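Structures are listed in the sections that come next.
Shared between the two complexes below is chain A, which has chain B as its partner in the first and chain C in the second.
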Partner chain A sequence: MPVNTYTIRIQRKRKTSDGRIDSHWKEYSVKATETTTILSILEEIKGEQDGTLTFRQSCRSAICGSCAMKIGGRTRLACKTHVGVVARDNVVEIASQANQPVLKDMAIDIGPFFERVHKITPYLTEGPETDAVTEKTAYDQVNHVTQCIMCGSCYSDCTMAEVSPEFIGPAALAKAFRFVSDPREGQKTKRLRQLAEPHMMWSCARCAMCVETCPKDVKPMEAIVKLRTRSVAKGFNDGPGPKHALAFHHDIQQSGHLNEFTLMMRTVGIMGTLEELGTAFHLLKKGKVPSLFPHKSAGLAELAKIYEILEQNPLDVETKAKEVVPE
Partner chain B sequence: MKSHDLIIVGAGLAGMRAALEGVKAGIDVAIVTKIHPLRSHSCAAQGGVNGAIDPRDSRESHSYDTVKGGDYIGDEDAIELMCHEAPESILEMDRMGTPFSRVEGGLIAQRAFGGASFNRTCYAADRTGQVMLHTLWEQLVKADVRVYEECSMLRLVTDAEKHVAGIVVYDIKTGEVFPLRGKAVLMATGGYGRVFLSNTNATTNTGDGMALALRAGAPLADMEFVQFHPTGLLSSGILVTEGARGEGGYLINVHGERFMSKYAPNKLELASRDVVSRAEQTEILEGRGKNGAVFLDLRHLGKEKILERLPQIRQLAIDLEGVDAIHDPLPIRPTAHYSMGGIRTNMYGASPLQGLFSAGEAACVSVHGANRLGGNSLLDTIVFGKITGKHCCDWLKGKVLRNFAASEVDEVKSRIADLKRRPDQGVRPLALLQRTAGGMNQYFGVFRTPEIMQEGLAKLPAIRADYEKMHLDDKSDEFNIDLLRAFELGNLIDLSECIMRGAVARQESRGAHARTDFPDRDDENWRKHTLSQWDPGKQEVVLSYEAVRTVGKAEYAPKVRTY
Partner chain C sequence: MSIQFAYYPGCAAQQVQKEADAAARAVARELGITLHDMPRATCCGAVSLRETKPAFSLAVAARILSEAEESGRHLVTICNTCLQTLTHANHRFKNEPELLEKINHVIVQAGVRPYKASINVYHLLWVITDQLDPKAVKAKVVKPLNGLKVAPFYGCHNLRPEEIFDAKAGEAADHLDRLILLLGGRPVVYDGHDKCCGFHVMLSDKVEMRSMVARNCLNAKDAGAELMITPCTLCDMSMGSFQKPAEQVVGKVIELPEMNFAQLIAVAFGLDESAAGLDRLHVSPHAVLAKQGIR
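Showing the complex of A and B:
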């Protein structure tokens, strides 16, 4: 395999004496093949060029979750990312994870991330809803989310966390689903009720960034959707989140279109809608308010069929196409 | 000065399992770990955990396989204890929340593993260690155990009566050095795989607990027995689980021949790890390998089985080796994997050094003897984590905190200042690590030859001298990994001396220790444990020997070991 010369641009960060973060970009030149991992390159820079370069790492095999960092604009595990995949014109930019306080270079303060995970009661609890494990398939739902290694990539790339630090984040919610979907868990309903509180599962904007970015294919957003489905099924329909989802569901099922006006009314009520009038006028000026009386879409029968299939199996909603395994 | 009844160092499976016993006993227990608990290397154990949970299997059979697998140097009382406790310890993990794979009816699924006479390896797909680690961490959160995260132990402190008094801690996040007093210290710091340059281990597996125990006066046992895993990926050394062979994978040479029929006609690929590693190395040395590797062939298992049972390792091989196991054989070679040696303890995890306990890979109880069976390491961590934790809590009753001299902290501080102050004399830490660990691969690998071993041992003084000249770029207090690695390298050098001296002295071949000049096992002279101790006067490791603990059962009597 040919050896290339790569320019590695690293955002170096240091805490100053007054607690601010001083940052600047520094470039290193490294020879590597396309399949050299970013972690190997960082180790080479630290070992041979600049021992002050700081990053976490441990297992080298994508299972300990230490080395998540921004590589080429996306959060990835350095140990499984090939330089050839992320380099543009043989240049790679590397920085610390976003949405989290930085200690030094790529080493972030992992405290706040784990505090969020602690909030979801991250252990099996006893209670009246405990079921025995009697099927081979008992953990099919659990297995998906227990692949999570708590690397923080999803939180770092979460578009909601970027604007709302109160949001508990995708990893914690995936972990919550791990317990809700475990037959042995005794307090599934209590968990769902807690997860319906503000800044929990209903705060996710379903942008699917976490599904894209997760290095272990956990698909946190799918877990969030499944939590919501189970929560609504339990009748926890209060609050703008479930109301919005139900109104959305109603509109699409009825007409194939959203009625943005009534959607708003049903989500946040009259007062809430009045508060948003400014936004509505702004949209109106830009010609972005759809008709208040939408027509019915063609192909409603097909839509009905989609709903029928989804409702038969609400827990297996796939948000990412299954990985294609070449024959 | 901060203090706890029990200080556990390391937050892998053994450390966390021990901590739960402390919680149960109501003592003040704290964990000190240089990485977040979920980063611990227990997570990398893929294949599974052994236990006779099937009514057709038996604990006796498990014990017999373990005695034989360890090539008759494991302590039989400890082996029987482990195999007896195995089913309950696994079911306990299940109750705590580990999602083990299931068979129809809901029972825990079990697969075949090397050296076992029954399919007794419980698993969770190919990420058993990871789900077990996450389960124990969940329990740790539930019990609200005090964890000093990202804090490294730089010294094990004893008082004038050679009784453990606590440890000196280095907070990686801030650079603060502080004393932590404890009535007892339990080392659960894992193995020393990083002593070898080519290894399956995490970079953090530097055997810190063993090395600091050695310097504090505790004996280490059987350090020359280092397991080479038969299936490390060629380029990175990263592990491919034995479960891949358990599911039916073949080992083939460059000509496509299943060569294990020559070396282990009955068990073939599922012979004991030492046997398979030597077979591979022989194929490679005799020219039937390619680029220093032979191949693990999974293609005949079919796409479906690979995706269901071995999804993680398939992805790993794609990511790290660029090979999809569904279509091509994986290039693999024997790679340093597991430390049978460790802090010498009795069957309850107590070291001869008063107040020092150890469990898991850091300890040498010894249940693995000269060669560990696959699936017995996870078992070791949960069984002896529990037993040692419990024993430690009993032992603690009525004990008081010992005198912790302030000079201990000052010495560590001045050592740090010295390391940072050193001028650049051209010795970089990475280069020195590569020389030390590369040498271990070269001189003390799968096969050991006297002249070659002597050549390796002769390089030790120069390595020690250069260690004192090593220069660090990073002078800062916060997150100074450069500094941390300097201490770790010192530990690795001490441990490599134990391995070298033990291997040179042991004139026989047993388990993972294969001498070209003494190809046979010598039970008359060498059925005994090697003890390594630090001689402060000579400033080197000195050896002594200790008898294997036997229980007098006829079936455990040493026999020729064939698979």
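Showing the complex of A and C:
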């Protein structure tokens, strides 16, 4: 395999005496083949060129999660990322994870991330909802999210965490789903009630960045969608998130289309709507007001019938993780 | 030669973002793409319906896809969220025959033709950048953008999850960049091109939503963008109409003209205001376009 010369641009970060982070970009030139891992390249830089470079690593096998960092604009594990995949014109940019406090260079303080995970009580709890029998299929749901190695990649790339330090984040919510789905868990309802609070599951913007970024295919957003489904089924429908979501099936049967005019009222209530009057007038200036009576689709009776059939005979359509068979 | 599609504009394009619909229809006409309306199609339900009524949401999608299939055409849309919702359902129908059978069993009882999972769901932008001859598109450009620096804002739901889409998605996607080049503009590289516009948390997390808008727009501007385009009517609403409310949250002036991709094509094709719909935009692009001698 041909050897190329790569330019590795690293955002060097250092804490100053007054606690600020000083940062600047530094370039290193490294010879490597396309399949050389970023971790090997960082080791070469640290060993041969600049011993002051700081990064974490341990298992080299995408299991420990220590070496998650921004590589080419996305958070990835340095140990499983080939330089050829992320280089653009033989240049790769590397920086620390985002949305986390930096200690030095790529080393971050993972503490606040784990504080969020601990908020969801990441262990089985005793209670009245423990199932007597654990069916084999129960593992389908738990399976997916137990692959999580807590590397923090999803939280680093989360578009909601970027603007909201209060948001609990994808990893913690995926972990919460693992316990809500576990037959042995005794407090499923209590967990769902907690997850319906502000800055928890309903604050996910559903951008699916975590699905793409996760190095272990945990698909946190899919877990969040399933948590919401279970929560709505339990009747935890207070708050703008569930109210908004619940407006859809009504409108689709009524006219076929969303009644965007009344959607805001139904989501945030009268007081919320009054608060938003300034925004409404702003939108009005360019005629961006929805019709109170949206156009009706043909064949609406079919929708009402479908809805009725499904309410009487509910169908389980939830995606299941593939069964893992030991090789 | 004409390409035929079943056209699914989505709720926003039929109500608040009418300009995107008008531009899409006009541009398609110019390019020999025939868009056939779908009189029976309803709202796709977005992720909201998937969350509250998962089986109903699949049945709604099957009914929409079945209408397009019956007409013998693939479906095309101009809303990222409709694209993702219908593609997600279609992907499952194609890969889970038992699920399709269960859903068909329900919709047939309601008098709906069963869906055979034989069609694809496309974005109109993909049709233009991937299915047409680039030379044919370029030949229609009478008002080239003359190097105008345009920020492509892809949004989320035409990119992720990558594996479900019938076009290049995820980090590899470049359709919006290629369109800008075809029209004679310069695509701007900036942090935020594939991030979230916040539309789906507009009402539940309004400060956060506005912060997302501000962040993405300001990053684009800092990278030199004079204009932003999106392939999505919901992103348009956020990045365009909500720029002013976003300015109030972050205390900074943004003023980055933003429009739907189809509107910019209409401008480059020299189509009139009824097609381009520039007067319906909250941040006027007129000065920027005039400076480049485009309009």
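Assume the second predicted complex is superposed on the first by the 278 of 327 C-alpha atoms of A that agree within 3 Å, B and C clash if a C-alpha of one lies under 4 Å from a C-alpha of the other, contacts with A are read in each partner's own complex, and residues count from 1 in each chain.
Methods note: a residue touches a chain if its C-beta (ideal position, glycine included) is under 8 Å from a C-beta of that chain, and two chains touch if they have at least 3 such contacts.
This structure is a prediction, so every number in the text was calculated from the model and none was measured.
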For this session: Give one of first, second, both or neither to describe whether A:Ser203 is in contact with chain B, with chain C, with both, or with none.
Result: second
For this session: Please indicate which partner A:Thr229 is in contact with in the superposed arrangement: first for chain B, second for chain C, both, or neither.
Result: second
For this session: Please indicate which partner A:Ala245 is in contact with in the superposed arrangement: first for chain B, second for chain C, both, or neither.
Result: second
For this session: May I ask you to decide whether A:Ser61 touches chain B, chain C, both, or neither, giving the answer as first, second, both or neither?
Result: first
Exercise. Which partner reaches more residues of chain A, chain B or chain C?
Worked result: C
Problem set entry | Partner chain(s) touched by A:Glu302 [first = chain B, second = chain C, both, neither] | second
For this session: Identify the partner contact of A:Asp50: answer first if only chain B is touched, second if only chain C is, both if each is, neither if none is.
Result: first
Seminar exercise, completed: chain B and chain C footprints on chain A meet at residues none
Seminar exercise, completed: Listed in rising order, chain A residues that touch chain C in their complex are 73-74, 159-160, 162-164, 167, 202-209, 211-212, 219, 225, 228-229, 232, 239-242, 244-249, 251-252, 256-258, 260, 264, 267-268, 272, 276, 278-279, 282-283, 285-291, 294-295, 297-303, 305-307, 309-310, 314-319
Problem set entry | chain B-touching residues of chain A, taken from the complex the two chains share | 14-15, 35, 37, 43, 46-48, 50-52, 54-66, 80, 82, 103-105, 107, 109-110, 114, 118, 122-124, 132-139, 142-143, 146-147, 149-150, 182, 184, 325-326
Problem set entry | Interfacial residue positions of chain C with respect to chain A in the complex | 11-12, 14-17, 39-43, 45-56, 58-60, 63, 92, 99, 102-103, 106-107, 109-112, 156-157, 159-162, 170-171, 191, 195-196, 198, 200-201, 203-206, 208-209, 211-212, 215, 237, 241-242, 244-245, 279-282
Problem set entry | Complex interface listing, chain B residues touching chain A | 35-36, 38-41, 43-44, 96-97, 99, 101-106, 124-125, 127, 130-131, 134, 138-139, 141-142, 173, 202-204, 236, 238-239, 303, 307, 312, 315-316, 319-320, 322, 324, 326-327, 428-431, 472-474, 476, 478-482
